[in-house]
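Have a look at this one before I ask anything.
For reference, chains read A, B and C in written order, and residue numbers begin at 1 within each chain.
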Amino acid sequence: MSPRLRHLTTLENLPRATIERLLDRAEALRDACAHGTRKLNVLAGRTVLNLFFEPSTRTRTSFELAARRLGADVVNFDLGFSSTSKGEEMYDTLHTLEAMHLDAIVVRHKQSGTPDALVRHAMSGVSVVNAGDGNRAHPTQGLLDALTIRQHRPDFENLRVVICGDIKHSRVARSDVHALSALGVKEIRLCGPAGLMPEEDEFPHGLRFDDFDQAIANVDAVIMLRLQKERMDSIELPDEAAYFARYGLDQHRLGLAAKGCLVMHPGPINRGIEIASDVADGAQSRILEQVGNGVFVRMAVLDEVLAR
Amino acid sequence: MSPRLRHLTTLENLPRATIERLLDRAEALRDACAHGTRKLNVLAGRTVLNLFFEPSTRTRTSFELAARRLGADVVNFDLGFSSTSKGEEMYDTLHTLEAMHLDAIVVRHKQSGTPDALVRHAMSGVSVVNAGDGNRAHPTQGLLDALTIRQHRPDFENLRVVICGDIKHSRVARSDVHALSALGVKEIRLCGPAGLMPEEDEFPHGLRFDDFDQAIANVDAVIMLRLQKERMDSIELPDEAAYFARYGLDQHRLGLAAKGCLVMHPGPINRGIEIASDVADGAQSRILEQVGNGVFVRMAVLDEVLAR
Amino acid sequence: MSPRLRHLTTLENLPRATIERLLDRAEALRDACAHGTRKLNVLAGRTVLNLFFEPSTRTRTSFELAARRLGADVVNFDLGFSSTSKGEEMYDTLHTLEAMHLDAIVVRHKQSGTPDALVRHAMSGVSVVNAGDGNRAHPTQGLLDALTIRQHRPDFENLRVVICGDIKHSRVARSDVHALSALGVKEIRLCGPAGLMPEEDEFPHGLRFDDFDQAIANVDAVIMLRLQKERMDSIELPDEAAYFARYGLDQHRLGLAAKGCLVMHPGPINRGIEIASDVADGAQSRILEQVGNGVFVRMAVLDEVLAR
């Protein structure tokens, strides 16, 4: 059995068995919820701190619900873009919070690597869970995307998945690739305009495409990404209409994919820029299932790192 | 027995029996609290989301306390005046939140009709409770005002009530009229400067007054309204001293009302503009009783819409 | 036995027995926590409101954790620098909150005396706890500093303590002096630049120093203060490098103190201005113990004022 995680900062290099244990646990929690069990007490007496240096009400709410449904107390510590967002001041804040006897810190930060820096500086028994750092990792998103695909297509060894859009700035894309590779997905395709593609050597096993029509052909799942305008140089900003024409997901393009292809997006969606409204709201869309799975995956992760 | 409500967006056209059931339930909760029962567990495992597109710490706190005292978890989702406050983006936010398995959404929005739009767009079993939309409805305020009056004067068929001030922009006035009409109040008077009065045909049974001295004569309850400056055109803004002289409630005017006339205001009060300080703090003031009843009414409403 | 407190607004004139009871209670809670008891239910059904007119995420979080770990519900009411921060509007807010059946209000305000004004205006059974008012009092900080010293040096009658820095604007200094005097500390020294020292007659028993090297000689604990720039006139603002040279705590100066001298600071620290990093992070630093004790002291205070 793979050892229990004490922190979760990235899915990179995580053993397949660990990822599968987290997905299995999330699935069990989803089943329990479907049968009416909304609240467990396994983390009663524990305190989870949401430490968000980047505002994100959706993700914070998902973590908050996850922690509460396990019986934990939750404290929100929204720092916005305050001066305490880096360096020694941040570690002083960390140590101050640790000294209050917290059990887990859920952190989001625009600087890649911040969660690992917190792990290195953490002194006591506190667990760190990454809720998104820069363009590097968003591990619970990677897990929930894998869970959503597995729910419909557990035969990962047969699957083709395309990830399309602003891959360069996307922590979601990175965590998706890590999760899906570890779980043995047959083919992972990466598609986007040249300026928004990652370095050639970053994903050696990913097939690179410039043309979305070619990239989507016969895939079993398409993961559309949000344009991360706040992380772009002005020169990287695409014209929205031109972008949609070439890289937007509409019904025509979806028709090129395999029958029943799953349509996914981490949200919030930009309708008419990344995805056509009728596709986002269509029968093949799994976007809201992703959101629902997000709470269960986060419950599984908190349970993993905090269980005694 | 009138059917159980699944949502509460307005009191308009609500059966008298439904309103009375809610008031009876609120009263029972108030009695239980007076005997020391501060917390119930009837909504344990349920999650209530406060979705406030207009800031209102008072009302949000009242709903938050109500939900917690029934044992529910509460998540606050303050959106302020962010870009997600209308149209498709708002429905995407709604669906995202629904997908997290929420049980009720308490919504406040400056746009009239938003709670009903949420009800129409809601897909799952989530209940919507209106915490105030534009100038249209504030149903829990209407209920708490009715409860406050009933506590002192249950003989609604004998009562004269005057509502005075900025009726045009007041969702409180609208919900008060709906509640008090349904409960059979004998006479409802509406008083305010011409520019702040509603359309002639909006309240066919309301008696319209321009002169507050005439309007207050012999009434059993006077409900003063807050000037909703943020909803006024510049031309509608009254001179405050002149407004108080004509439409402010002072001891002299209160003396024209029936003996023991109840003094009410939804708060926050503007002392010296809508109401004199000695009247607001005087023996006939029920303003703080209204606040206390607000929590019990909101408990009753959440219990109504969420009970299995 | 000293009578139970209903409010805690200042430590000034509090009997020694009362302070010792609070410290003993905090110590018992700390011991229980060390043995795994993180959560008690003694305040189940009670509601604590954090009413912060000055933002302070650290102190608010400490009070929030303290209240939750006693089983109370917590509502945060952050008013920032809104217009409701003084006078009648503030009392109206107080009365509105009281009418919602709160049990305790934890208040922070930049105006000295606000907590006492709330006590005078409070109508019902609500308890007021001061979380810092102007430059006047921060009683839970005074208690947690005393607890931290007692933990290591319970022989108060032998102790020399120096408080150094911006004493003039420091509510921490005032509450520390009140606590340590009441507990019988042998010698309390006050040190700072002339412009940041209190009036001559404010602390008749405090020994005044201008020279930090002299002030720190042979002391058993040194309490460094934060420069309260937001409370200073522009003329009071010191040059930071010059300030550190004369009043900063570095290893050399710490060497002048008694062996094992405790190093304390209420935080957040300004490294290189009030205290050198190697001292703040050094073996003699008790800064994080102070933070940990803060939660236990606040639990003890809430338990004291709310116990039935």
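Throughout what follows, contacts are C-beta pairs under 8 Å (C-beta built on N, C-alpha and C of every residue); 3 or more make two chains touch, one makes a residue touch a chain.
Keep in mind that what you see is a predicted model, and the values were worked out from it rather than measured.
Viewed as a network of touching protein chains, the structure reduces to a complete graph with every chain in contact with every other. Two copies of one sequence, chain A and chain B, touch each other mainly through non-matching residues, since under half of the numbers at the interface are common to both. Look at where the CA atoms of chain A average out and do the same for chain B: the two points lie 41 Å apart. Those residues of chain A in touch with two or more other chains do not exist in this structure.
Those residues of chain A that touch chain C in the complex are listed here as 44-47, 73, 75, 77, 79, 84, 88-89, 92-93, 95-101. Residues 33, 37-39, 57-58, 61-62, 64-65, 68-69, 267-269, 271, 277, 288-289, 291-292, 294-295 of chain B touch chain C in their complex.
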